[in-house]
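Everything below concerns the one structure shown next.
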Amino acid sequence: MENPKIKVQNLNLFIGKQQILKNVNVEIPEKKITIIIGPSGCGKTTLLKSLNRLTDIYEDINVQGNIFINNEDILNTKTDITILRKKMGLLSQRPYPLPMNIYDNIAYGLRISGRKQKKYLDKRVEHYLKQANLWDEVKDRLKSPASALSIGQQQRLCLARGLAVDPEIILADEPTSALDPISSQYIEEKFVQLKEHYTIIMVTHILRQARRIADYVVFMYLGEIIEQGTAEEFFNNPQQEKTKAYLKGLFN
Amino acid sequence: MKLRKVEEHVFLFLMRLSALLIGFALLAIIWSIFSKGLGSLNWQMISEVPKGGYYFGKEGGILNAIIGSLYLSLGATVLALVIGLPIALFINIHLSKRRRLVNVVRLILDILWGVPSIVYGAFGFTVMIFFGVKTSLMAGIIVITALILPIMIRSLDEVFKEVPMGLKEASYSLGSTKSETAYKVYVRQCVPGLVTAVLLSLGRGIGDAASVLFTSGYTDNIPTALDQPAATLPLAIFFQLGSPIPEVQNRAYAAAAVLTIIILVISILARIVGNKYQKNKIKA
Amino acid sequence: MKLSDLKISRQLRSKLHNKWMYLCFAVILILAPALLFGLYIKSAPLFEQNGFSEVIFSNEWKPLSGKFGFLSFILSSLWVTILALILSVPVCILTSIYLIYYAKGFVLKIMHPIIDILAGIPSVIYGVWGILMIVPMVSKDIAPFFGYETTGFSILSGAIVLAVMIIPFMLNILIEILRTVPEGLIESSLSLGASKWQTIKFVVVKKALPGIVSSIGLGLSRAFGETIAVLMVVGNVVQNPTNVFDAGYPLPALIANNYGEMMSIPMYDSALMLAALILFVIVLIFNILSRILIRRYEIKVA
C-alpha cells in the first residue's frame, strides 16, 4: 500500500497472562473507510483502542510492537498522549455524552485546546452539529443537558463532539449497535460523506454493514489478522478458508 | 413438620419485634428530645448568647453554640472537601490501574473512619500543647477535618467508582488530561453524589463532641477570629446539662432540640438528593 | 505562539494539581501511623516508670500519688461494650434477615430512613435521651424488678444507649452482607425442598457467617471508643463493676472527664494518652481483622 495512514507492526497485546492480540500487522489507507470485522471476542475492539492508546488506562495491559500514525510510532514517542488522542475521534458502542449541556459537549474539546472566544465557539458548535445532522433538532435547546437527548441523537452528538477536536482519524467501535435503524442509517451515510476528509476505522460484527460501506476490510479471528484487503477483493475473492467460512455465516 | 412451621413463626415474630423495636427507639429519642427541648426553644434562645456565664447565668440563649458549631463544621467540611476531593479523584483516575494499591488505600481509609473521635481529640490536644497553641476555632476545625476526612473520601470514592469506563474513554479520546477528566467530567457527572458526601460529612462534623471537647474550648461569645475559642452545640448540651440550675439545663435541652433539627434536615436533604441521584443513574 | 503558551499553562496547572494531590494523599497515609506514634511517645513514660503489668492489671487509681492502675477502666469498658453487643447483635441479625427476606416494600420504605436517621444522630443526643428516658427506667423499673437499688447511672444504662447507637451501624453492614448471598444458592436450596426458614438458617447464615462475625467486630470497635453518650449515663465511679447495675467508668470517659487537669498532675498526661492509646490499639485490631474478613464481599461498608 502506498502511504498508509496507519501502520501496525508486530503488535502483541496481553491482559495479564492472556494474549489478546497476536502479532498483528495491519495497514490502513488514508481517507477511506476501513472495517475491522470478526466474531465477538476476537480482539477487534482492543485493536481499535490501542490505536489511540486507550489501552493505557486499563489494568494489567501490556502492549508490544509498533503503531505508526503519520510515520510517528505512537507506542514509543515523547509526544504528549493528549495531542495524539486529539488526532482521533472515538465513537463507542454506547454514546457517552459528557455531563454537561449540548453546546458544552461540542465546545469542550475546543476549550481544552485553548479556544475560548464565544463567537468562534458558537460558529464551530453550529458547524459540527450540522455535520452530524443534529443541528435542526437541537438548535433551540443547546443549553439543555445532553443526557436528555434520545440515544440516536446522543450518538450523533458524540460524533459532532469527536469531529470538533479536528481529528484526522475517526475510530468507531460498533457505533450503531445501540441505535434504532434510522439512526444507524444516518451514521452510515455520514461516514460515507466524511471519508472525503477523514480516515475512518470502524469495528463491526455485522457483515451487511461492512458490505454497504467498506473500502477496505480487516478480518480478525481469535486475536489474529486472518485476511485484509480492499472490500472488492475481500468479499468477492477471499483467499483464506476461515474468511470463506465467515462470509458464509458459519461463525457467529 | 409442624415443629418447623412453629419455629419459623416464632422467629418471624421475633424479627418483626426487632424491626419494631428499632423504629420505636427512634421515635422515643425524637420524642424525648423534642418534648423536653421544644418547650424551651424560643426566639430569645436562638438569638442571644448566654448572660452571666453559660454555667450559672439564667438569662440568654445558645446563639454562641449555634454559630460556633456552624463555623466549625462548615470550615471543616470545606477543608475536608479541598483535601478529600483530590484524593478520591486520585484513587479513581490516576491509580485506576493499580487495584491492589487502591484496595490497601481503601482499607486504610476505612480503618481511619473507625478511629474514635476522642482519640483524634486527645491526639490533637497533645499536638496543640506541644506547639503551645491554645484551644481555638482553628484547632477545632483541623481536628474535625481529620475526623471527617475518611468519611468524605470514602463516600466520594464510592460515587466515582460508579462512573462508567466509557465516559472516561470518551473524555480521553477528546484529548483531555487526567486532571481535566477528573474535574470537568468526573466531578460534573457526580454532583448529586458529591452533595450527599458533603452533607454526610457535615452531619458528622456538627454532631461530634469528643473531638472539640479538647480543641475548640468553650465560650459565651461568638468568635470573630480563628484563634478564638468557640462554643459548640454538642458541648452546650453536655456542659449545661450538668448545671444544677434548671434555666441553664433548659438551654441544654433547647440546644439538643436545635441540634436534632439540624441533623434531621441534613438527613432529609441527603435522602432527597440521593434519590434523585438514583434516578439519574438508571437513566444514564 | 499563543497556542503553545496556553498549552504550557495547561500543563503547569496539571502539574500543580498533581503536587497538591500527592501531598493530600501522603497526609492520609501518614495519619494513622502518626496517631499511633504520637500517642505512644506521650504514654511511654508511664510504662517506663510504673511497669506494664502494674499499669494494666492494677486497679489502684491514685493520680496524686503516682498510682495509675487501669484495670477498673478497662473492665468497665469491657462490661459496657459486651453488654451493648449482647443487646444489639440479636436485634441486628433478626432485623437484617427480616428486611432482606421477609419484609414487604412499604416496610423497607419506612425502615431505610429510620436506620439512616438513627445513624446520623449525634452521640450527645443519645446521651440526653439516655438521661431522660433510660436512666429513670433502669432506676425505677428494671433494677427494682431484679431486686437491686441504683440511681440508674449504671453499666446497664450505658449499654442500652450504646446498643441503640451501634444498631444502625451494624445493621447497614449486615444488610450489605446478606445482599451478597447469591440468589441461585437460595433457589437451589429451596428447590431441594427446604423451607424458607431452613434455607435462611442453614444456607444464608452459613454463607454469610464471616460477614456476620466481622460486623460484630466492627460494632465492637465502634462501641469501645464511643465517648460522650456513655459518659453521660454510666455514672463514672472508679470501681470494678460486679453487676450491670453498678456504675462504671470506661476509658473514653476517663479521658474526656480529666483532660482539664492533665497538665497539673505529674504523669497524668501520660496516663490519659495511654488510655487513648489503649482505645486506639483495640479499635485498630478489631477494625483491621473485621475489614480483612469482610474484604472478599467487595461491599461498601459505611
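Letters are used for the chains, namely A, B and C, taken in the order the chains are written, and counting of residues starts over at 1 for each.
Following the convention adopted for this analysis, a contact is a pair of C-beta atoms (placed from the backbone, for glycine too) under 8 Å apart; a residue touches a chain by one contact, two chains touch by 3 or more.
Owing to the predicted nature of the structure, the values given are computational and were not obtained by experimental measurement.
Think of the whole protein's Cα atoms as having one middle point; the chain whose own Cα middle lies nearest to it is B.
Each chain's centre was taken as the mean of its CA atoms, and the one lying most distant from chain C is A. The distance from the centre of chain B to the centre of chain C, each centre being the mean of the chain's C-alpha atoms, comes to 16 Å. Chain geometry summary: the mean Cα position of chain A and that of chain C are 53 Å apart. Between the Cα centres of chain A and chain B there is a gap of 46 Å. Multi-chain contact residues of chain C (touching two or more other chains): 10. Of all residues in chain B, those touching 2 or more other chains are 177, 180, listed in ascending order. Those residues of chain A in touch with two or more other chains are numbered 112-113. Partner chain B is touched in their complex by these residues of chain A: 49, 52, 54, 57-60, 82-83, 85-86, 88-90, 92-94, 96, 98-100, 108-109, 112-113, 147, 158, 161-162, 165, 171. Of all residues in chain C, only 10-11, 13-14, 17-18, 20-21, 24-25, 27-29, 31-32, 35, 38-39, 42, 90-92, 94-95, 97-99, 102-103, 107, 110-111, 113-118, 120-129, 131-133, 164, 167-168, 171, 195-198, 218, 221-222, 224-228, 232, 252, 255-256, 259, 263, 269, 272-273, 276, 279-280, 283-284, 287-288, 291-292, 295, 300-302 touch chain B in the complex they form.
Contact residues on chain B toward chain A in their complex (touch as defined above): 96-99, 164, 166-177, 180, 184-185, 188-189, 191, 280, 283-284. The touching residues of chain B, when paired with chain C in their complex, are 4, 7-8, 11-12, 14-19, 21-23, 25-26, 28-29, 32-33, 36, 83-84, 86-87, 89-90, 94, 103, 105, 107-112, 114-123, 125-127, 129, 146, 149-150, 153-154, 158, 177-180, 203-204, 206-210, 213-214, 234, 237-238, 241, 252-253, 256, 259-260, 263-264, 266-267, 270-271.
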